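What follows is a single structure, written as structure tokens, with notes after it.
By written order: A, B, C and D. Residues from 1 in each chain.
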Amino acid sequence: MVVGTTRYAYLGPEATFTEAAALRLPAVAGERLDPHPTVHAAIAAVRTGEATGAVVPLENSVEGSVNATLDELIRGEALAISAEVLLPVTFVLMARPGTDLGSVRRIVTHPVAEAQCRTWVSTKLPDAVVELGSSTAAAAVAVAESAPGADGHPYDAAIAAPLAGERYGLDTLAHDIGEDAEALTRFVLVSPPRTPTAPTGSDKTSLVAYIRDDHPGALLEILEQFATRGVNLTRIESRPTGNGMGRYCFAIDFEGHVADARVGEAMMGLRRVCADVRFLGSYPRADGVRPPIRQGTSNADFRDAAAWLEQLRG
Amino acid sequence: MVVGTTRYAYLGPEATFTEAAALRLPAVAGERLDPHPTVHAAIAAVRTGEATGAVVPLENSVEGSVNATLDELIRGEALAISAEVLLPVTFVLMARPGTDLGSVRRIVTHPVAEAQCRTWVSTKLPDAVVELGSSTAAAAVAVAESAPGADGHPYDAAIAAPLAGERYGLDTLAHDIGEDAEALTRFVLVSPPRTPTAPTGSDKTSLVAYIRDDHPGALLEILEQFATRGVNLTRIESRPTGNGMGRYCFAIDFEGHVADARVGEAMMGLRRVCADVRFLGSYPRADGVRPPIRQGTSNADFRDAAAWLEQLRG
Amino acid sequence: MVVGTTRYAYLGPEATFTEAAALRLPAVAGERLDPHPTVHAAIAAVRTGEATGAVVPLENSVEGSVNATLDELIRGEALAISAEVLLPVTFVLMARPGTDLGSVRRIVTHPVAEAQCRTWVSTKLPDAVVELGSSTAAAAVAVAESAPGADGHPYDAAIAAPLAGERYGLDTLAHDIGEDAEALTRFVLVSPPRTPTAPTGSDKTSLVAYIRDDHPGALLEILEQFATRGVNLTRIESRPTGNGMGRYCFAIDFEGHVADARVGEAMMGLRRVCADVRFLGSYPRADGVRPPIRQGTSNADFRDAAAWLEQLRG
Amino acid sequence: MVVGTTRYAYLGPEATFTEAAALRLPAVAGERLDPHPTVHAAIAAVRTGEATGAVVPLENSVEGSVNATLDELIRGEALAISAEVLLPVTFVLMARPGTDLGSVRRIVTHPVAEAQCRTWVSTKLPDAVVELGSSTAAAAVAVAESAPGADGHPYDAAIAAPLAGERYGLDTLAHDIGEDAEALTRFVLVSPPRTPTAPTGSDKTSLVAYIRDDHPGALLEILEQFATRGVNLTRIESRPTGNGMGRYCFAIDFEGHVADARVGEAMMGLRRVCADVRFLGSYPRADGVRPPIRQGTSNADFRDAAAWLEQLRG
């Protein structure tokens, strides 16, 4: 594979779900990809300029927000989200070519995958033993290299992401063996602050709102800034800012693009009622949904109202 | 008195509270003042161009809104409010010079004044009879001209506005005999649509919001447009628009000037969520109050937020 | 007509729209009906016990609230609304039997009716003269009795309510000649305070909410009490309470019955946030509409929630 | 120490902050305490009945919510919070008796403690090396037992909770060496579902609200249920329920006790608008604050309103 000269960081190791997500991002796909051991390390590579961007998980439908990523976005030097990918969490049972499902006795995988696939394993391979490794990719490597487990016997199969099977020459014995068939992980491409790309009509915007003080109605006030302009939230997370119990900020995703009039006015409203607002970016939605725009909140409605006001002011 | 060449209409007859209010308006005071028999007639003089403006009552702390005035502002050709005056409703017992309070047996006044002064009269002049006339000014004239009542006997005293006593040469026998010492009437100067005068820091703005349809949450939605921008209402009146029971509009007064950023944004919000908005004007408050501006809603706060957004949009 | 022994008052004179409304009320129809010259007089008859109830206009789709009625409900001794009627404002041109439309030269009516029928008269009877009288019923009487107008000539026709034609033996020359074909007046039966009749599923409740002080957010707070419980307002009117400019109350009508759980909780909320709340009554809707109940706000939903809470409290 | 027969689980190992928190809880202090390797294991001991309760961290002012605890409360069999403790995160440098601060060359601690104390160490002990262990308590044990590090040399000092010093016979060389002097961790005592203890006037209530579907205004609707009844939130966390990206619930803490009328009504409101509500408990606030009760929301206000409604309903 010919690799571009631009470098992107991602949360490693290789052949896990994050690399699979990175490969789906058009901006990233043909470029050089460097695995990093932690979210912090991947994002530090962006902050130092070593990498153009970093692909990291932000949110998981089972585990919730990835706090390590959220905290990098909330604290320290400002960053931007320039793209998102939604990846189904598809666990595959994989083995060296020629292995028969019926002969699998020893499986290796990561603890999260083990928890997700426990029902399948106990039903289909009741006699198999599952051992735990540091990542699903490492499990695939161990099987490919016939590495022995703790007792010295080799592993028969690994539970890992489909990409690991392709990468390490393993065959799939069973597809999609996780419990939650709808499980998704949302990955984002994190870059230095930048002007957003043009609106597509199916966009999402992310920001962090730091509340002025811990007054009880702060969150209600923030939500009203959105509701009054017809801007729908898709996600809200509270996080401590790190300055004493009770000093919170809210990481918020919502429909629309910073270039949209309703989004701009809601963001200016936040800016006025919050201690600070950190804009993270506007980017195309991974699901391609184009939500309906509430009556009175289109760009044309805002333009008409502004022209009307201008004329009244004389 | 030298009178200017500009003509102003007012709700007559002469020497009632409305003329007293007109004389307090700097723009009107030295000009020619024409009494009209009804609010409709006074405002029609403005619409036809016969008068530069009309002074009419809008609101009374005892009787509430003056619907005749409200409906002229709500329906028909657009108009503007360019000034307001608050006048205490001070009822005076007045008589021909030389009349002694103890000798008053027959009083004449308007029914509203009679209702307001009933307690005083029954306490101080228990034997007096009160007859009703078409206006307080007409009552004063009747006394000045010694006009007889229904039974042919002359009136001893009138209850009227202080101005009527001055105008018709009557002496005051008792001041402020109304029941409600705090009663006030609010008068407005109605003009053709015009660009408002500059903000003074103590301003009020008036408009009419016509709701899009009779959906139950319309009023809440309107109020939220104001609340989100920190704009305080001082008065709200619902009125039918005349098209079937249940088609309402709201006549709203609020703190601030159309030139204020928070007011402008709230008005644009109304324009977007309402079927129509009729701007009536921004003008100095008669009470001179300069209300505090809520944190985050000053013109500087709006400018800062707009500059921030501009920079984010790149 | 055999008349019951119970007496009801109504705003007279006879044969106007108010009497027509009274005759539509099942509780009132067969009873003795006494016309009174003013709303105040009709309601005073209830307060003194002289009448069992009074039928008075409350709201008109063209003229708005009838303040005289509203103020009787807001101030003074408490009263109840026990029924409502909606009556189309149908103006009829009526004349002595044998009169031909083409021969009508002199018409008499009340000023409000004249304004509503001006277009019809100027189109269909361009040469006719319209004179004004004290009521539409008086106009019908004048025609029936061939009473002369100011210049001594008799009237050819009256514009009045259909009932007046029946009552005074006049024939209809033209139906429904008013401008606003949808114009409606809402009349209410006012009684002493009483326990409401049972819910019908199509009910309305009326109350007056007196705000605690003139704080800017008071109305928003009141509306939120309703919105949180899914109770839809059908009408809201602000009125001064009579204690200084700016001391307001709100007369509010809303869907549902005081026996409904959502209505009860909203009313308790008002009671807690307002200076005072005056309950006027729950009664069947004149329009028979059974509005949908928002998810989570039925009586069963409230019962379920109360049982759940009870069990948590242990 | 004589130990009771009741067993409590806590997140181990021994002598970390969680054990210190457990010892501050009156209900737990004299009882048998069993350390568990994970939050899941500690809470499982409660679910199986092996332990009466479990002390686990819920929230940290630096790291935010402890998701492992939150998810145990959100998913699976219902549980209750019956007490909370706030513990300052006080890191201490501790060594074997007789060790001099100047002679410290090798320090061992947990990674979180290392991050918090990095500034202090680099300033005061620039030549010291810090090695990482599995817990702060294990670090203290290693020092007490003079256990060697990776290169075989023994450790001079540990950074750990004050309790570890007492427990393992170490002396304090420096107090409170963490960066964030205000850092606090909130621990809770988790029990099987139970009737809450009586209100103290300084109480907190916790619940989980599962939103009906991912409709954009769901959170606003939830917050309004609290705001309308004057109930102040102290914390809100969104968490996936585990059924597909976008199915959220909110873990909410608020002022007051389930026995308080305003709290009860807000909770019933939630119950009606949410898909489900899981009550976690009402318990005394660790900070002892008795917040003011907003006008109109005291128990007496609710009682008065209920009596009024009862009387209206007749």
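General remarks:
Everything below uses one rule, namely that a residue touches a chain if its C-beta (ideal position, glycine included) is under 8 Å from a C-beta of that chain, and two chains touch if they have at least 3 such contacts.
Predicted, not measured: the structure shown is a model, and the values here were computed from it.
By residue number, the contact pairs of B-C overlap by more than half with those of exactly one pair in C-D, A-D or A-B, and this pair is A-D. If you average the CA atoms of chain A and of chain B, the two centres end up 61 Å from each other.
Chain centres here are Cα averages; for chain A and chain D they lie 27 Å apart.
Touching of two or more other chains is recorded for residues 224, 227 of chain A. If the chains shown are joined wherever they touch, the resulting network closes on itself as one ring, and no chain has more or fewer than two partners. Touching chain pairs in this entry, ordered by label, are A-B, A-D, B-C, C-D.
Every residue of chain D that touches chain A in the complex is listed here, in rising order: 59-64, 67, 71, 86, 180, 182-184, 186, 216-217, 219-220, 223-224, 227, 232-240, 242-248.
Residues of chain C that touch chain D in their complex: 195-196, 212, 224-225, 227-229, 258-259, 264-265, 267-269, 271-273, 277, 279, 295-297, 301-302, 304-306, 308-309, 312-314.
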